[in-house]
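Starting off with a structure, shown below.
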């Protein structure tokens, strides 16, 4: 099935979780915040949160700013 | 009965109209705007508009301003 | 003989006068002031003022300025 | 005889020296500079410098300034 | 000088005059006359019923001057809207100089209430000229809400301190699609000229004219200052330079230069 | 506007115009015409004998304009004195705008050489108008030396930066017994108006008029700016205030105020 | 120097530092170190999933510095609120530097959206430090909405132009019940010192530190500038005078004065 | 901070302190101590023979501070030269802060007398630091006459008005071969910092320290202001910009931007 991560379309397997997603894109979960279809997911729920076709994921992190 | 004109209490006779009021306070109707209990009264209605006890009248006019 | 006019060397005939000079350089005397070896010559003296070898002449005029 | 010190007239004895003067006005010589008739006197000469009638003495010192 | 267009009307003058604080009606009328203005602002107040005065309007030729009622004294959008409606009911055309100034000490405009009142009054068909802080984003929002002009302040009302807000007013002018009228704080003709040189469409002056022994002369002076600034803006003002630029030819002086 | 008096002459205009750097003689004449000026400055240069040009004087109506020769290009008192004498020999009246500017980059005046040249030229019967730094003590000394005016700079020549020296020019004006003419650096009518509002007697402008696509319009603008500033100064400009001062009555609004 | 109190926290430093635009993480850390700051601002952005970078947080010692997430990039209250919530979810304390800047050219704050977002975020328990135009009435309204500070701009972000808004910032400081932190446009230590001398509680600087060959030295310089301004404010700065006031005794010179 | 070199001597501090107008000797000594200064100015006066006081020198540690006698009170070169000689005879090193101020109201320096006195005193072996108007040509001439520094004024003595002469001081700094020390009128640390950021070598302050309830604190503040300005100048200050320059990345916000 297909989801959108940070504006990019990605194919993921059925029943993939947010945790699976981190492995897929090789990003350290501790360094980002996750928005799943507009709501924030807490790290505790990464394993339980399964994705569906068409879901929109945003991975956000801190950068320098004034 | 008693009404309030521009913050001053005034005794007026029963069934007094806005026109009567102008005579009472000796003010030229053409130089002011009338608010009766918060709504603007057009000059055409001065004769027909009768006052009731406790009514609030504002007589407004133009002055110099920047 | 040789003289210097406005920084340029010029050959002039013996006994040449300032008036001769104006003809030589084709300049209208009325539009300039003449300095001869550092002293100002008045128009009345143009005919009488003869030049000598090595003399320095400045012809000056008005231009736009602030 | 009479001299002028810092604008004030003072009576001093004949043959008085600059050193005598310091005693007279009770000022510590080490804290001032002396001008005698417009010329600066060095401390070494205080004893030898005798005053004459009408002499003008200035005693100068340092004060706060910007 | 080119004409000024506001809403669907055209004006010859780019100087608007306030009618407050003059020592006499005659002083006010002289200032209006000599300023060459087409627009004068007026205020609304309660009649003093114990000592009624003639209305100001009995003194002003409304065929010659467009009356621009202000909402001075209003501290909220609601109060300002009420005043605008009263002015229209009094027979004025539906133009209003919107002022919402909650702080009586500096009389600075409230951005939020000013925007709110603008939205309402535009819907009611008013031509709204809002007095505002020199805030370029607010200017954009007022424009989007239908304001006919924006009127950023140069300095607090009546301070005569000039165009303290020049840097932000310059941004407002650069971005505005409506005429920018600098209002408040302009105390001398040079202040008015500076605003016009920057590209302001007009200025409004009151205190500077009322606050002098000779209002007529000061009005003439401001008229010339405004025209000077506008004409210079239209002619094209030269750039500021760091290095000097000789106004006389430097070469060919009476020495031989290498 | 009141007249300007310099030495024993009276002038209607308080705007002096420089004739340098115009794109054409016609542009220069248009600027002179529309400025309303009575005094124009001119410079002296060597004739290019290999390519002689008409003298500038053949273009200027000397019955209408007083020619004020400058000594631009001079780096010492001696050079300036030489130029002044040449100008007089050329038939000009003995008026001179004294400029001694050793530094060709900023063209700033030399205080010592300027004072020296003033002393000499006054003795020779010249009416001396010295261009000077905005230095109040020097202004006093030039006045004592017999200068007919003092001409402090607003900013370096041709920079269009305005009255950068306002604080010191204000002191010069306060102390001067002769007319103070602000010269150099005035780039917009508002700059000229500001100088006049401070009490300057006149201003001299050149680059700002030559440095625009429309010299005639800019000259009109400067004329109005100068008149605006002078008339405001004479009328009496109100004081600057910290607190706002309402131009509309604040009391008696449609609420009962305690 | 006295401490700074914001909300219920106390800080030793009155200089806040932004972390943007440094040439390297080391340059940023050097600037933080030498500035002596206690508070650093950070921004939130999408991870580039094709080229993930370490989070900035892995470089900053959060025991030493309070992270103040900003909402830069937000053009509406809604976007700003979303960013603030994400920052808190990322484990930051609920402090936010609120920025709503619809115009990408001048990055000026939107007064209406900023007030709206402040109201919402305060209700959600955030400590809100809103970046705002130098608008005293808006400052009052933000304060009433529960803002922990107000952060008026000195000049547009990154322009290094200094305290262009000084006159209005002075009014904000005079009227504010919360700390006034001047943000944006301060390009040199003298700008920061001026703000502190006026009574600002703190300043925030970023571009000036990132925009120099030697961020550590510039950070030291700003630290001293901020301390200098604060200490002078607390000591009491003498009044400006028109007349000179001799710093040396003028009497009793070596001449007899009448 | 880098050292300051004047004539053949090296100083750690770039802040010079005047000793006038302090409420007590202790207040003066505290200000000197906390300013970190190496150079203090002093004046010369007639002893009051009817009420002699201790010399100021009995209070100042001359191993720690270089005494810089001024010639305040002198109205001519001759008077200034006389004072300089007296100071040297009193045992000071042959350094002199030359002041010639004929006008007791604004205490502005006389350019001609100052140059004359500089020429004489340099020949007599003095290290001359002349107080001068902000006149770039005069600065050049004083330098050519052998002045060890030039000391242009920021504003009239004791006015606390800051660097009113910034534009001309900038030219002096650009052209000078000797250290430029800004003297007079600096009333707050931000003024001192601004002068140093422009590239001044040092500043001299007196009134601002004497004119506060807490001279020691103000002296610390000025010390930091001077160091801040110098360190920023050496680090390299970023340019002023018209357009904003984001300090946070604007791209990649949580919306898909085309």
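Going by the order they are written in, the chains are A, B, C, D, E, F, G and H; count residues from 1 in each one.
Just so we're on the same page, a contact is a pair of C-beta atoms (placed from the backbone, for glycine too) under 8 Å apart; a residue touches a chain by one contact, two chains touch by 3 or more.
Since the structure is predicted, the reported quantities are computational estimates derived from the model, not experimental observations.
J.: Among all the other chains, which ones are in touch with both chain D and chain E?
T.: Per touch definition, common to chain D and chain E: G.
J.: Touching both chain A and chain F: give me those chains, sorted by label.
T.: Per touch definition, common to chain A and chain F: H.
J.: Starting from the mean Cα coordinates of chain G and chain H, work out the distance between those two points in Å.
T.: Taking the average C-alpha coordinate of chain G and of chain H, the gap between them is 31 Å.
J.: Could you give the separation in Å between the centres of chain F and chain G, each centre being the mean of its C-alpha atoms?
T.: 45
J.: Starting from the mean Cα coordinates of chain A and chain C, work out the distance between those two points in Å.
T.: 93
J.: At what distance in angstrom does the C-alpha mean of chain F lie from that of chain B?
T.: The mean C-alpha positions of chain B and chain F differ by 63 Å.
J.: By residue number and range, which residues of chain B touch two or more other chains?
T.: 7, 35, 58, 60, 63-66
J.: For chain H, which residues are shared contacts with two or more other chains?
T.: Within chain H, residues 18, 20-21, 43, 45-46, 48, 70, 72, 106, 108, 156-158, 161, 206-207, 246-249, 254 contact more than one other chain.
J.: For this structure, enumerate the chain pairs that meet the touch criterion.
T.: Here the touching pairs of chains are A-G, A-H, B-E, B-F, C-E, C-F, D-G, D-H, E-F, E-G, F-H, G-H.
J.: Would you mind writing out the residues of chain E in touch with chain C in their complex?
T.: The touching residues are 246-249, 254, 256.
J.: Please name which positions on chain G make contact with chain A in the complex.
T.: 18-22, 28, 41-50, 52-58, 67, 69-70, 72, 85-87, 89-90, 157-158, 204, 206-207
J.: Given the complex with chain F, which residues does chain E contribute to the contact?
T.: 18, 20-21, 43, 45-46, 48, 70, 72-74, 79, 82-83, 99, 104-108, 156-161, 187-191, 193-194, 197, 206-208, 210-214, 217-218, 220-225, 227-229, 231-232, 234-250, 252-255
J.: Can you check the complex and tell me which residues of chain A touch chain G?
T.: 5-8, 25-27, 31-33, 35, 40, 42, 58-66
J.: Can you check the complex and tell me which residues of chain E touch chain G?
T.: Residue list for chain E touching chain G: 101-103, 106, 108-112, 115, 133, 135-138, 140-141, 155-156, 161, 164-165, 167-168, 171, 175.
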